[in-house]
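First chain written, first letter: the chains are A, B and C, and each begins at residue 1.
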C-alpha cells in the first residue's frame, strides 16, 4: 500500500521546535530539516545542501536564513541560495525542495504532496495542547515497524480486550457490542457503547453507573482522535449523542502516526480530561497518561513482533474479520486518495 | 548447500520449556512457536496468527489452547482456529501450519519435513540428560554464522590440535594417527586411537598409561555424539572395541546444531562421565564442561571470522584435504537426502 | 567513482605492527592480514586460508611463517603453502594472493594493484614520524562514510571557515584570498596566503605580524601533506616561496585516508612543528594535535551526516563551485589513473 502524499504529517511538537535550532526528521524516507527562524517563522526543506548534500540540519540559523555549516551556502526561507562563499554569481536554478509547513493544535505539520495543493483545511480537528478547555499530557515513541501496522492497530480497537488486558481499565468489556463504522471523505468514525457500567475512575461517587460512549475518528494519513463521554444509563438507547452532547466534557486521546521510513514510525500522542472535570483534572490527566504509556508499550512490542513475522513470511497474507471493518474502510480511502494524488 | 528438511532439529532443552509459556525460535528462517499446554502436551506452530501475522509466541496458553493476544484468535493443539472474537462463523480452511514435535533425551525436537513423513525412529541415539547412567552438564550458545560451518567444524576434528591447543588437554596429540571414517545411511562415524598415552584426568593413579579411543557419530541434520573410552595398552592393536566394549563407561559429549537462519546457528551441548566413573564423577563433569565452554568459545570466534571472510570473498572456494573426509562423506549424505526429501 | 588500485595505501603505523602479531584490515572491501615475522620482515596476504577461508589474522606466526590456527595450514612469506597437517603432497597451485607491502615515513603501505607494477617511488613524500627534524604527534579514527567524501573534505579547505569555526584558530580568515591550484601527475597542490596577520600561537612576541603561507599537496590515493610557514610581512607579494624557503621550519599535518569498505574509512594523521621551532616544540605539537582532534571530530560528524543524506537521496547530484577546483582536479587524476590501471 502506498502512502497518501496529499496530507499533513505531524513532525514535531510546537513546544519542542525552538527558534534557530534546525531539526532533522525523515518522512517516507525523505530527509527533512524543519526550522524556526529568529522571528519565529517555520520552514521545511529537503535536508541536503545543494552543494554536496551535507545535512542542513547541522547548519546554523542566521536570522531568517539557514547556513550550511560545511562550506557555507546560505538559504532564505523559500529555499533559494542567496550566498555562496567565494562565488559572485549564483545560478538561479539553485533552489531547495521545500515542504509546506504549519503549526496547529500544538503540532508542527508538513504537507508531503505538491506545494500548490497544500490545504490547511485538511488538518484534522485534533484537540490540541493549545486548547484552553483541556488539560492534556503528552508523549511520543518510535516503532521499529511500518506506519501501516500502527494505523491498523488504532483502527481495530478489538485488540484492547486482549493486548491491554493488564493496562487499560475495563478492557475486558471493550467493546461490549459491535462498534458502528462510518466512512467519510478522509476519515473513518468508530462508535461504540458500554451500557450500564460502573463509572470507574471518572470522579463520580463509587457505585454510580452510566452508559459509556466512545467515538474514534481516524483521519488520513494517520491521525486518530478518541473522545469518551459518560451518559446517564439509558442514553445508549436513544438515537445517540448529538454534536452538542459530544462538544464537552470529554476525555480525549489524540494520536499522530508518522512514517519515518518503511520500517520506522514515530508516534505522538496526548491525552487528558476537559477542564469541567473539576478539581481532579491534573490527576485524571496523569492517570490517563500512565495508562497510555503502558498500553502503547504493549502495542509496540506486538507490532514490532508482527513486523518481524511479516518480514520472515513475505508470502503470508492477512485474513480480515468483521472487526477489521474500520481497517478496510480506511484502506479504501487511502487507495482512492493515492490514485488521485498530485505527486507519487 | 540445502538443509535436510526430513530430519529432527533440536529447538530447546526439555527442562527449559515450561508449561503454558510459549517459546519463540526460528529454524531455517521459519518463525516457530513451541508450547507446552497445561496438561504437558507439546505443540509447534508457524509463529504467526492467521489473522494479521502477530506472533503467537506473544500469546497466552489457555489450558490446551493458545490464544493470540493481539485480537484474540484461539487455536487448538492441531492449529485449528476455534474462536474469533466477534465472529460467529470460522472459515474451515483456517488452520495454522504445524510441525511434528516431540521430546527425547532431554531435548525438544521438531521435524521440518512433511508431517506425515515424520519418523521418531530417525532421532539420533543421543546420551540424554535423562539417562540415569550418566552425569551430564549442559550449555548452549549462538553463533553468528551458518550451520554448515558449525557442522563442518565438528566433522573435522583435526582442528583440535590447533584451535584448542590452549583449552583441550592432550590436544597436541590429536589425532595421533589418521582417523577411520565410515559412512552410514544418515551419519558419519569417525574413530581414532591415541596409543600408549598417559591417562590424564581420568582418575587413574598418576603415570598409568592406556590406549585412548574416541568414536564420533555425526547424524543428520547436525547431531554429534562423541564417546571416549580408555583401554589397556595394546587394545588399539586388537580388532577394535566391540559394541559391548563401547556400552559403558564412557565420557560423552552430545552436540546439536540448529540453523536459526542462514547466518545464525544455535548450538546445544552436554557432557559428562558415566556413573561408574565413581566418586569424582561430578568433578569430572565440571571439568569436562569447563573444557567444552572454553573450546566452543574458540570455535565460535574462528567460525564467525570464517563466515565474515566467506561473505567478503564470495568467489573463493574451499580446498578440501584428506582431513575433510568426514565432511565430504557427510555432505554426500546431505545431498542425497535433500534430493529425495518430501518438501523443499 | 572507482578506486585507484595502482597506489600505496596506509594500513597501519609502523610502531603499531609488532612482530609475530598478525593484524587484520580490509582495503576496498578486501580482507587483508598484515604481519611482521620474527626477523621483522613484512608480508601482506589476502586474509583467508586456502583450505576453508578461515581468517589468517587469527593465525600464529612461527618464525618467518604464518600458521592458520584452524586446521594448521602453514604459509611462507610469499604465500606458498608449505605444510598441511596429515598430507604428504601439497598441490603446487596452492598459493595465497599477496600484496606488496613496505614501510616508509612511519607508516605501513600496501599496493593494491598488480604486484609487478608496484613502485615504491610512488609513495608520497610524507613528513614521517621517523623524520628527526620534526616533533610529531599522531592519531587515527574511523569514519562511517566512503573515502571519497573524506578526500573531498580535505581537498576543499573552504570548509574550515564554517565547520571548524570553533576549533581552528583564525579559521574565519581562511582563506583570505582564493587559493592557487596546481595539478601534477598524481597530486593536486593548493596554496594560499594570509597577509599581514597576527602570528598567533607561533612563539613570536605578541603583536608581531607576518604573512602566513599554507601549501597542501594531496596525492593519490588519499595522502595529504599540509605545510604551513610564517614569512615576514610582504613576502606574499614576492614571486612566492622557493623550494629552499619551504624546506624548513614548517608546521606540518600529514593525513592518510584508507577506504576499508564502501562505507567505512580509516583516517591516520600526524602533526607537529619543526625542531627549529625551539623550546616550545612539544607544547606546540600538543596544541596542534588537540586542534586536529577537535577538527576531525567535526569533520566526521559532517561527513557521516553527508553520507547518510547521499544514501537517502541517491538521485541528487553535487553542484560544484569554484572552491571545488581542487576536488575537480583530483578527480580528473583519479579518472585518468583508474582508466589506465593494471587491475580492476
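To be clear about the criterion, a residue touches a chain if its C-beta (ideal position, glycine included) is under 8 Å from a C-beta of that chain, and two chains touch if they have at least 3 such contacts.
Computed from a predicted model, the values in this text were never measured in an experiment.
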Rotation angle superposing chain B onto its copy chain C by C-alpha atoms, nearest 5 degrees: 120
Numbering shared by both copies at the chain C-chain A contact, with half separating same from different: different
Intercentroid distance (Cα basis), chain C paired with chain A, Å: 48
Set of chain B residues in contact with two or more other chains: none
Residues of chain C defined as touching chain B within the complex: 26, 29-31, 46-48, 50-55, 57-58, 67-72, 84-87, 91, 94
Chain C-touching residues of chain B, taken from the complex the two chains share: 152, 156, 158-159, 161-163, 165, 178, 301-302, 305-306, 308-310, 312-313, 316, 318-323
